[in-house]
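Order of writing sets the labels: A, B, C and D. Residues in every chain begin at 1.
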Amino acid sequence: MLAELGVNSVDEFFADIPEALRLTRPLDLPAPLTSEAELVRHMESLLSANVTTRQALNFCGAGCYQHHVPVVCSEVNGRAEFLTAYAGETYEDHGKFQALFEYASMMAELLEMDVVTIPTYDGFQAAATALRMATRITHRSGLVVVGPVGQDKLSKVYDYVAPVATVEHLSADPVVPVPLAEIARHVGEDTAAVYVELPDAHGCVDADLGALAALAHNVGALLVVGVDPIALGVLDPPSAAGADIVCGDIQSLGLGMQAGGAHGGFLAVHDDPRFVLELPSRLFGLTPTGKPGEIGFRDVAYERTSLAARENGNEWVGTAAALWGITAGVYLALHGPQGMAELGDTIIDRTHYAMQTLAGTGLVEVPGIDRPHFREFVVDLAPSGRTAADFLKAMAQRRIFAGVDISAESGSQQVLLCTTEVHNQRDIDTLVAAVKEVLA
Amino acid sequence: MLAELGVNSVDEFFADIPEALRLTRPLDLPAPLTSEAELVRHMESLLSANVTTRQALNFCGAGCYQHHVPVVCSEVNGRAEFLTAYAGETYEDHGKFQALFEYASMMAELLEMDVVTIPTYDGFQAAATALRMATRITHRSGLVVVGPVGQDKLSKVYDYVAPVATVEHLSADPVVPVPLAEIARHVGEDTAAVYVELPDAHGCVDADLGALAALAHNVGALLVVGVDPIALGVLDPPSAAGADIVCGDIQSLGLGMQAGGAHGGFLAVHDDPRFVLELPSRLFGLTPTGKPGEIGFRDVAYERTSLAARENGNEWVGTAAALWGITAGVYLALHGPQGMAELGDTIIDRTHYAMQTLAGTGLVEVPGIDRPHFREFVVDLAPSGRTAADFLKAMAQRRIFAGVDISAESGSQQVLLCTTEVHNQRDIDTLVAAVKEVLA
Amino acid sequence: WNEQLIFDLGSPGERGVVPPASEPAAAAAGEPVRRSLRNRRNAAPRLPQISQPQVLRHYLRLSQETLGADLNIDIGQGTCTMKYSPKVNDTFVRSPEVSAVHPLQPVDTLQGLLELIHRLERMIAEISGLHSVTLQPGAGSAAIYANVSMVRKYHAVRGESHRDEVITTGFSHPSNAATAKTAGYKIITLQGGPDGYPTVEALRAAVSNRTAALMITNPEDIGVFNPHIAEFVRIVHEAGGLCVYDQANANGILGITRAAEVGFDICHFNLHKTFSTPHACGGPAAGACAVTEELAPYLPSPVIVRADDGRFDLDHDRPLSIGKVRPFYGVTANLVRAYAWISSLGAEGLRQVAETAVLNNNYLLKKITEIDGVTAPYAEGHHRIEQVRYSLADLHEETGVSSGDFGVRLGDFGLHYWTSHHPYSVPEPATIEPTESYSRAELDEYVAAMRTVAEEARTDPEKVLSAPHRGPIHRSGQDAMDDPETWAVTYRAYRHKYLGEQPPEVPRWIPPAGLPAKQRPPRAAHR
Amino acid sequence: WNEQLIFDLGSPGERGVVPPASEPAAAAAGEPVRRSLRNRRNAAPRLPQISQPQVLRHYLRLSQETLGADLNIDIGQGTCTMKYSPKVNDTFVRSPEVSAVHPLQPVDTLQGLLELIHRLERMIAEISGLHSVTLQPGAGSAAIYANVSMVRKYHAVRGESHRDEVITTGFSHPSNAATAKTAGYKIITLQGGPDGYPTVEALRAAVSNRTAALMITNPEDIGVFNPHIAEFVRIVHEAGGLCVYDQANANGILGITRAAEVGFDICHFNLHKTFSTPHACGGPAAGACAVTEELAPYLPSPVIVRADDGRFDLDHDRPLSIGKVRPFYGVTANLVRAYAWISSLGAEGLRQVAETAVLNNNYLLKKITEIDGVTAPYAEGHHRIEQVRYSLADLHEETGVSSGDFGVRLGDFGLHYWTSHHPYSVPEPATIEPTESYSRAELDEYVAAMRTVAEEARTDPEKVLSAPHRGPIHRSGQDAMDDPETWAVTYRAYRHKYLGEQPPEVPRWIPPAGLPAKQRPPRAAHR
């Protein structure tokens, strides 16, 4: 090929790179593992230092949830076609467009909102964008965050809205929700949005969305709700109570844990141009083709995006989490309405069984035990006098990951536990027995 | 649907089954694991009692070999299309036909024979059929098996040829091959075929095929050679020395171990109707379509088969091991001539390194250490005075599967060890160090 | 697209994987050996030389040209329609606990697998009602062969080797006849009466003291259950023969009726098929043989036994055993899948499988026979069990479109059916079996496509006869496949026959003068 | 086939999976809670009801209608052509050690993952020459955002928040401008001169004490390396600004030139792209940011640290950190893939990647510009680095076939290219980047297809303009996509707008009187 180009050496191609900018030595990297067999041995050896949640019983959640991943989800997202597709257009990648349209459509059914975006990076980004959208829609700059929200998510949101808004966070302990009257004191003419989560960061699902919506709408502010869609088989969609923007993460919907690497964010709004035109993500709309009965898919209002308009688009859009959208679609299609309802029931049941049996030991407290929880709850180690760090360490020695240490945030020796449909009663009994051993 | 059929109950469909033959109680089976999540938990728990060859260092072979499985092999044979295809014909399953034609074609290059079948069950069946074919082709009934052959394979062959032939097995210890003169004494006018393996069951690759071919052909008998195709990057194809039928197992070619469950048999002959018309398996031939330059694939001489002619076909053909054929084709395509040659070299090198370092301990003997070996060799524990069973147990406690106990067959305390390209020098050194510990 | 042959891809020096290289010390040990090999290969095999992404792309494209059961309403493979094989079961096979264990590693380190196989044996024993089970055979036909091999050994041990006949029926799978023949038996085939199965009288006429066994499929391959089956068994037993039940496809009778109640000595199941393991383009499959206590000593060796302490071990001390029929434990992957499948369903689930499959079949029977020109010969007015062998003879008569042509055109709709085993007992056959895995809407879609093609056969037969129109290739010819001068089953043969390349001269067997050549039977084609 | 919408499949009561059911004691605990929920869902969501095999079949068919990089010669996605992503790397991701671990489980039980991430950070540090690395960003644009966020924090900490301008170039990826704008900056875009990059004078004119940073892609998106890049950096540094290097696509310069030698403060890489992780229809991806020692305190939190005993831990005590940009450690799966990819290649291998990619690109440049009507604007006579943005303006002029039309027709050959980001700086653009992953024969095949379409444009333009002819669907219209009355981004919206179904009345925000509505910018389409 060099001869074909009349070139003596590959070096000539780099003629435009000044000598002074050239690296004059080889990169200092480990010797290559050229054969696949050697690479596999190396990777297995390196990764074998991890203890997996098949080897240990895991009760950690806090934003990454151990739900069962239906194998059809993995089969579909492992298909070479989907895994390696780049940015083919409507014809070459018709299947991709349809799968993502269907994802958005199934999410729309769950959320009862007519517009759902192609996924953004994760739930953090979705919340951050939802709040920036609120400032653009309302031309206001005040944001009120109500109730417990994960520290990491708040960190992202604060950084992201900093150029355009100020945030007030009305936090709460696990025992009682933030009183409506207190919220009302912080909401006013400058408020762009009230933000609340369902389930919240302590697992509670008793936020009074209807009252919050009325409060917000009354002063011209939006209600933005962060929700885990896996709860919507048993919980009413936030839109029914008056949410204007609903956002969240789809990790629960068949993405798996991957050490916290498998997240995708969704944004849902009503089909109102004031909202739709503020979305930064791509939207795939259904369109007829030349052939009767045949449909295709194309970008909707593409000029909204930074790909079309650079800095004049909304925020930006880039490669984000499309394959996770397809995966979540498969998950919803597999479960259907009945599956989602049963799944939610099982999770609520097991969560409360765990709360009650743990509280029943007398060795820990479960603050807010009388509130309805979904999947997560706080356990306070005060009665035992032990620190959360000590407790988790002792439990890990018994091959139980007994929750996430939240004592730094809460100021008490507390852990956040998570129980899902994968934890059967025997697992929870195993947890409780180990807690008794460790704390007794 | 019942209403549509005018039927009241599903029971009516079973009217032809006499009451006396009905099962009047439910089957006595374990309670069902209805949810996928529960099933996964159960299976993981059951199978976790296995110790895998990722957790232990494995030197067992004896018919099932731990070669590296290139991931593209698994990707292709895991494709839903290939994994679930049934018996679609040339048009519906064009891709399957082509992939199998290509498998046969690549095997043909390796074997230098023009006819290779769609895979049969396994190497046992291939050897058994090759020998029965020999009796049909020659109209004779004497079979002479030369040199070490695995006991299990012999068991299958003996059972299979019993109705039509008698077998003489000229066995050998690992130190010296069966002398040609002794073989000559057993070969005569009634001999249908001489059968020999390469590598043989002790890993030796020094059989003098040319001399055996001359011997057999001289009396009108065939030379049938069992070969592991993975050795043919470094070894001449048996046909070059005069083999008339070549058979064997393709397990080494990217199928993996699967606890001995992943086998496929091949049969190769020259393109001579006397041979081809005796093959029981399906053969896919290349054929032009109506469109210039386009090719299709169809069954060749289908009337040979039991599917066409019931008991008048050759033996029988049924569902066998097609997907493994496709897989082996992928393996050969990935390696190419250079890869196969390098692979063979590495295996020979490591085998002899292992033989020499083990012998170097002085604690064991390696009979036949001066003969060329490929992948397997015998280790005799006589110097240590230990039994093979004891030795293997002690090694297993060190997480090393140190070979297969062949003392029952050989009459001495011997184990058969296997080293492939997956065993690097460090692994072999680990083995030797453990042998020193155990036997010192 | 028309994907090229792999030999047309790549270029010299390209490669897809690199094997590990020897370390210096290993190379030093091996180099003298390699150099002095008597039969070192000098001429590299003419394998393709291709990069990994090209190999992958080639096979992915071929996969897309293959109509897997996962991709269509695959109910046209009667006698052996694959039911849905749940994807979750494949994950167990891929787990290192199954994929990365060696069959001969110490049994203490294989307890999970041994327990699984043992449990599956017990499940199959219960499903058949028989005493003992082997899972060693590599597929259904291999299981039938194992059965006939046990029959042979049984009679030999009893000094009754004079029994040299096996009786089977025309609608039993050809492997019953073919394996028995391979095992050395003469075959007596009873043809079906008006209801598809042979009469008791026909059997009586065939049975004698030379009868080694009756090998029979029931329900017959046309979906009819022989109500006299217990009588058949009695007659053969009285004559001293054994009775071998081909239950490869037991889909329609799971939990309804069993080999034990009928009195059979031996039966077999295809795990691909009845227990949902996938067909994999034609294997690997797996077969299970179940036998009475009397025949248990003849089962293939070794046998998994459970010790008093609950641990599993292998018993190789089986003097009456027929020995090995397959390396090691059989097709482990499919044993794992079948175990998982049965575990997910339980007793009630298995019975629902049968009931649903039979309901679906009778629904199809009604709908398909409503298509003009399509009939369901035999057993008029009876319900069928799991499948029906339809006849397109009337349509063929009227339009000239054969069942083979019809099937090719159906492929344009992304659907497939199989005609029948040869020789055809039903004219212009089409064997369709829905199983429990398809919904009514899917069955309707299939019937609608059949109806469309039947319509086309009348209005535009040329369209049907010139199909495929939407396949990856056009219609190809069979003729070249039957002539030794023109067939080419490898690219190497193609080079020699068509591209003028000379085959190398190698030593080879020459037929002794006067050795008769085989008489070729009448030629046949697959569709 | 034209695969139906999933809402048209299935029937009431069908389902694909069954969740575990509560045990009685758990149900007893949960039941009163469920009953008393304030917001219990009563109306079930209108999700489809489908069996598992139908769901699988549907998505398998959709996958077959998707042209993954594994399935074609996918060199038409210039700026970001995916290189081959070795299949072996996916297996590490699927292993339980990666797929089945929780990010917050005790760090002692995550040492394998932490070590891998730490090693990958050190590799990226070496490849960039910079001091510290974060792998937290979820993709390339997210990494650029993290970079600009660090810029903002850096200036804020130094009391220089008056710096409110970011300078970028017209050929830099749009996310440089867009993320900086999102972070609150005014954007100054320098347009390219005759060689594609802006002049030093243009930069001097733009720089001031309001300059927060220069954010620049180099090589530019048209494949030209700006030889004055060090001068650019010097000028910005002198003005007190930071320099941020967009090395999303460093494919052509791996081991050749680094951010460190040029003097940049910050750079980022796309791991999908430069380090071969797959694109996955548009993510998940992963981004890496590398910074100088001075900027290290601003990196996202937490940071992986190695203790003296060799064990890895997390340092959350990072007071200057911009905080989280992504949950947990980032897109772990792609970190694992990128680590494996770099490990398999080493230093020499990475340099070969760059050299081969550049050779391939210059080969293509020659071959493609030999096609009549196709040119390569800018930098006449220079070699290019990793890609070229071609122009089909002449062909369009002559035939009326636009680059968009041309691309649609190319799809009929199973190939794809992308035009360019908007606004188009090159008329009728086509951006093609071969990477190192394709052989000469494959490049030739691609060029041959382009030549064929160019030929068709001249001889039979209607054929090109009416494409696709071999796609799964026919040409569709864009108009409905731009009008709020007609767009339908979900099936639910479609029911409301087209099928006459009434949306439910729910409480919602009403714009206060007089609130201005957004002025829509000029409409745009994606191709």
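Keep in mind that, in the parts below, a residue touches a chain if its C-beta (ideal position, glycine included) is under 8 Å from a C-beta of that chain, and two chains touch if they have at least 3 such contacts.
Only a predicted model underlies this, so the values are computations on that prediction, with no experimental measurement involved.
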Notebook entry, point to check: Given the two chain pairs B-D and A-D, which is bridged by the higher number of C-beta pairs in contact?
Noted result: A-D
Item checked: Gap in Å, rounded to a whole number, between the CA centres of chain B and chain A -> 49
Notebook entry, point to check: How many angstrom between the C-alpha centroids of chain D and chain A?
Noted result: 19
Next item on the list: Any chance you could list the residues of chain B touching two or more other chains?
Entry: 34-38, 40, 44, 54, 68, 70-72, 74-75, 80-81, 421-422, 424
Item checked: Of all residues in chain D, the ones touching two or more other chains -> 10, 14, 17-21, 52, 56, 60-61, 64, 70-71, 86-88, 90-91, 440
Check: What topology does the chain touch graph have (line, ring, star, complete, other)?
Finding: complete
Check: Can you name the residues of chain C that touch chain A in the complex?
Finding: 17-21, 56, 60, 86-88, 90-91
Item checked: Contacting residues of chain B [partner chain A, same complex] -> 35-38, 40-41, 44, 54, 68, 70-71, 75, 80, 421-422, 424
Checklist line | Complex contact set, residues of chain A against chain C | finding: 34-38, 70-72, 74-75, 80-81
Note to self: Which residues of chain D touch chain C once you look at their complex with the stated criterion?
What the structure shows: 1, 9-11, 14, 51-54, 56-57, 60-61, 64, 70-72, 84, 86-87, 414, 437-442
